[in-house]
């Protein structure tokens, strides 16, 4: 009898074809975070019940650029870096579930298929984008991580620029921001293959890092611009008031989450 | 109360952000199909129960290059063609389910995120690839669709060439091949977010075109090469005996499928 | 003694490495042309002496999308289509040289290196861009080449959209436009490797197709938008008055040009 | 009278469109160098007269991966990093000119147009490629720059993998290699626009960094593989004997070169 192997698709006799191996997934990366306040009504409209708006600072948004290298347990992807390196922009808000605070990724873009696939599993709504962020470097014109250093960051999708930021570092900080600081409350949704039959998968899951090994964050200021596009709504989370920006180098591990709710026959 | 809209992720107040709008999905494209026989044991090992090997010609495989333009009901993607055009290579075998013949896509690569997302819904195990196929043209050095015309086709993933073919057309044909001629029997699988808890989604679905408007197929010969790669197993479906090759221009519509089986707590 | 071979760089013992083989170069492609009038002063500022503004309709501009398959004499690139297919947007104005009318490409973007290299030789100032245009198709939702058919076309560079157009076809036409209808008057410039020494190469060349085999053009209307970008000046050629739009399928051959003037020690 | 501005093409009234601004050009980057010996005859066949084979260790080759951020004097590209970041693989041999030792880049691939354009000026024979190299990182699974650290590096062009290496660092080193340690002796060649008229530009130039600010190199071992491809000849420089591998972080400035010889009517 055939026993198909592979953590995700495509499954095969050996499992070698899977778009991503089984967790734990290990990451090294640089995070450039821009926090600001938007109209809380624009956050609320992205929160399906039973999620509720955060009580304190409900309009806070974080737009986070990340430049990653990632691998599964064997680490072999690091030596074939087209399989480990990817870039990401994620847009995070806060919410509450049964009175507890959560972060929630409402939009996200990446530039590799293995990152899309991990997002399906974790409930990140990943599209493809073209993503760039200035890298710190010890020599030449690129910035060091130090006071006054400036980092640029851009996002495009479907051949349109969606967001861009310039961040100026000011000083070391005790935190890397507060918006993306809680466990994530994400949905995993898939419509029924049959029209009009609602959702075949409708789960609310909690996901967070299994461990984090991070450097000292730097805090600074950001100039953030969001642009309209026919199939993107990031600009709807308009910038009302800047909060702060952060630069942080991190190592992290992801190794599974927690099912909060499952509704197998919910109306779509 | 918030009512989120959007056929797939990300959901929003308007639904405009969804990586793909709701079906029906309309397609115009050129299909270059190469059929051959491999060791039937290599087909069987890709068929999870309750699927069984086809009784007749069980080692038949089709490798199909497709150059698509697609859209939802409004057709607006056609006028912003970065949102409608994509290329695809799919690898199809046959199987039986409860005694009825089905086709099944075992490997597939595309080059756009909206195509990845449609595949998630339809059970196509899509990775990203770099895909090229010669286009017919009425003028200059590119081939017409006629006897003796030659078309090249290539597939790369993760910066490695995985497959290449050169097809020479011979004559008009009554069919475009037999391997991809049945409804598809696909799985939609997603692991539980909790480690060791098996599958959260485990469905066997049937999916087929709602309608097809196709031109006359041309039949010919192919020279097909498959290459090894660390994370691909297409070359394991080694070419034992060529069958035929086909060129066909088609219009088609997809508008939902049929749930055959669902196992909500199956062991992973 | 070593004899290096190769039409362009890199040269080698065999010549196989050259980014493009020697002419003649053969092309099959679809051209979507949008003609309009801008301020003639904006055209004049792009014409170095001894080129002068066209006497009649001096503000006419053509923005042309082209979807190409190309090859050298052997045609082998057509069977490995990643080496033959490319897309292009060129912006053309008219001028006069010694009283004779010429066309001149002032901006151009392509998406492959062999196309960049051919442009160096021919005096096309090629950058890389991301280019899309709707393709006609005999089946499904994509347009046929017929009255009322609509084609979209877009250009992005450095992750910003630079231009987009929607063209509606009206009727067959006796011509495919008048702006790009003359031989091209192009410069081939390269600065001295030594700072402050002016130009090492400063040629005015004439280049035109050696032969053309084209289908009947269709004429129509266009909605063209040009967008600002920090390193692009296409939007400076602002649309004052639409002229017409054209769709044409062509085969063509390029096989060398003519040196009009050479200034080997001109000030830069 | 029109005065066109712009260091390279396209020239315009403002100069803003030029694919690259005027030097000096500033660079920050990480270099992964693999040195080995090939058959000296394979090096000699890539050296046009008057260049001669190096007297000592004439078969030495360096394959160098580089991960760059670059900018002109204003530095503005660093804040729009799609315009500053690029990756590169260059293949370097040594030679002599009038008895003096030079390095010479015989093959090179980059992934941005501004890098292609700078190469035209400097005599680097640049094609486009897809290039990846492991990045050092202070946290998580990516390597630190330390003994035992392993870095992978890959090169693909036209959807085929051309080269890959895994480098293991052993210890700090007094040098970053000897093959790419001399000024470069490069040709700048362009055929006449008229067929059969030989070269319009035929220069031998010397180019070197105006200044370098580099970190301590690390020395190690490499496993290097070169692959055949129809339009690449890197594999012809077959690995006979490994020499060493190096990792180095550098800042550098380029600000013009020196014309060694110019032949304006040489036979092609």
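By written order: A, B, C and D. Residues from 1 in each chain.
In the analysis below, a contact is a pair of C-beta atoms (placed from the backbone, for glycine too) under 8 Å apart; a residue touches a chain by one contact, two chains touch by 3 or more.
All figures in this text were calculated on a predicted structure; none of them were measured in a lab.
Chemist: Given the two chain pairs A-B and A-D, which is bridged by the higher number of C-beta pairs in contact?
Modeler: Most contacts of the two pairs: A-B.
Chemist: I want to confirm something about chain C and chain D. Since they are copies of the same sequence, is their interface symmetric in residue numbering (over half shared, so same) or not (under half, so different)?
Modeler: same
Chemist: Which rotation angle, from 0 to 180°, best lines up the CA atoms of chain B with chain C, given as a multiple of 5?
Modeler: 180
Chemist: Farthest from chain A by Cα centre, which chain is it? Let me know.
Modeler: C
Chemist: When the C-alpha atoms of chain A and chain D are each averaged to a single point, how far apart are the two points in Å?
Modeler: Here the centre of chain D sits 35 Å away from the centre of chain A.
Chemist: Take the average of all CA coordinates in chain A, do the same for chain B, and state the distance between these two points in whole angstrom.
Modeler: 29
Chemist: If you look at chain A, which of its residues touch at least two other chains?
Modeler: Counting only residues that touch two or more other chains, chain A contributes 80, 82, 130, 132, 154, 159.
Chemist: What kind of graph do the touching chains make: line, ring, star, complete, other?
Modeler: Topology of the interface graph: complete, with all chain pairs in contact.
Chemist: Give the list of chain B residues in touch with chain C in this complex.
Modeler: Against chain C, the touching part of chain B is residues 26-30, 69-71, 75, 78-82, 84-85, 130, 132-135, 137-143, 150-154, 164, 166, 213-215, 249-252.
Chemist: Which bits of chain B are touching chain D when the two form their complex?
Modeler: Going by the criterion above, the answer is residues 130, 132, 154, 156, 159-161.
Chemist: Over in the complex, which chain B residues touch chain A? Could you list them?
Modeler: 1-2, 4, 7-14, 16-17, 19, 23, 44-49, 76, 80, 82-83, 106-108, 112-113, 116, 120-123, 125-128, 158-159, 187-195, 197, 200-201, 203, 205, 207, 230-233, 236, 255-259, 262, 264
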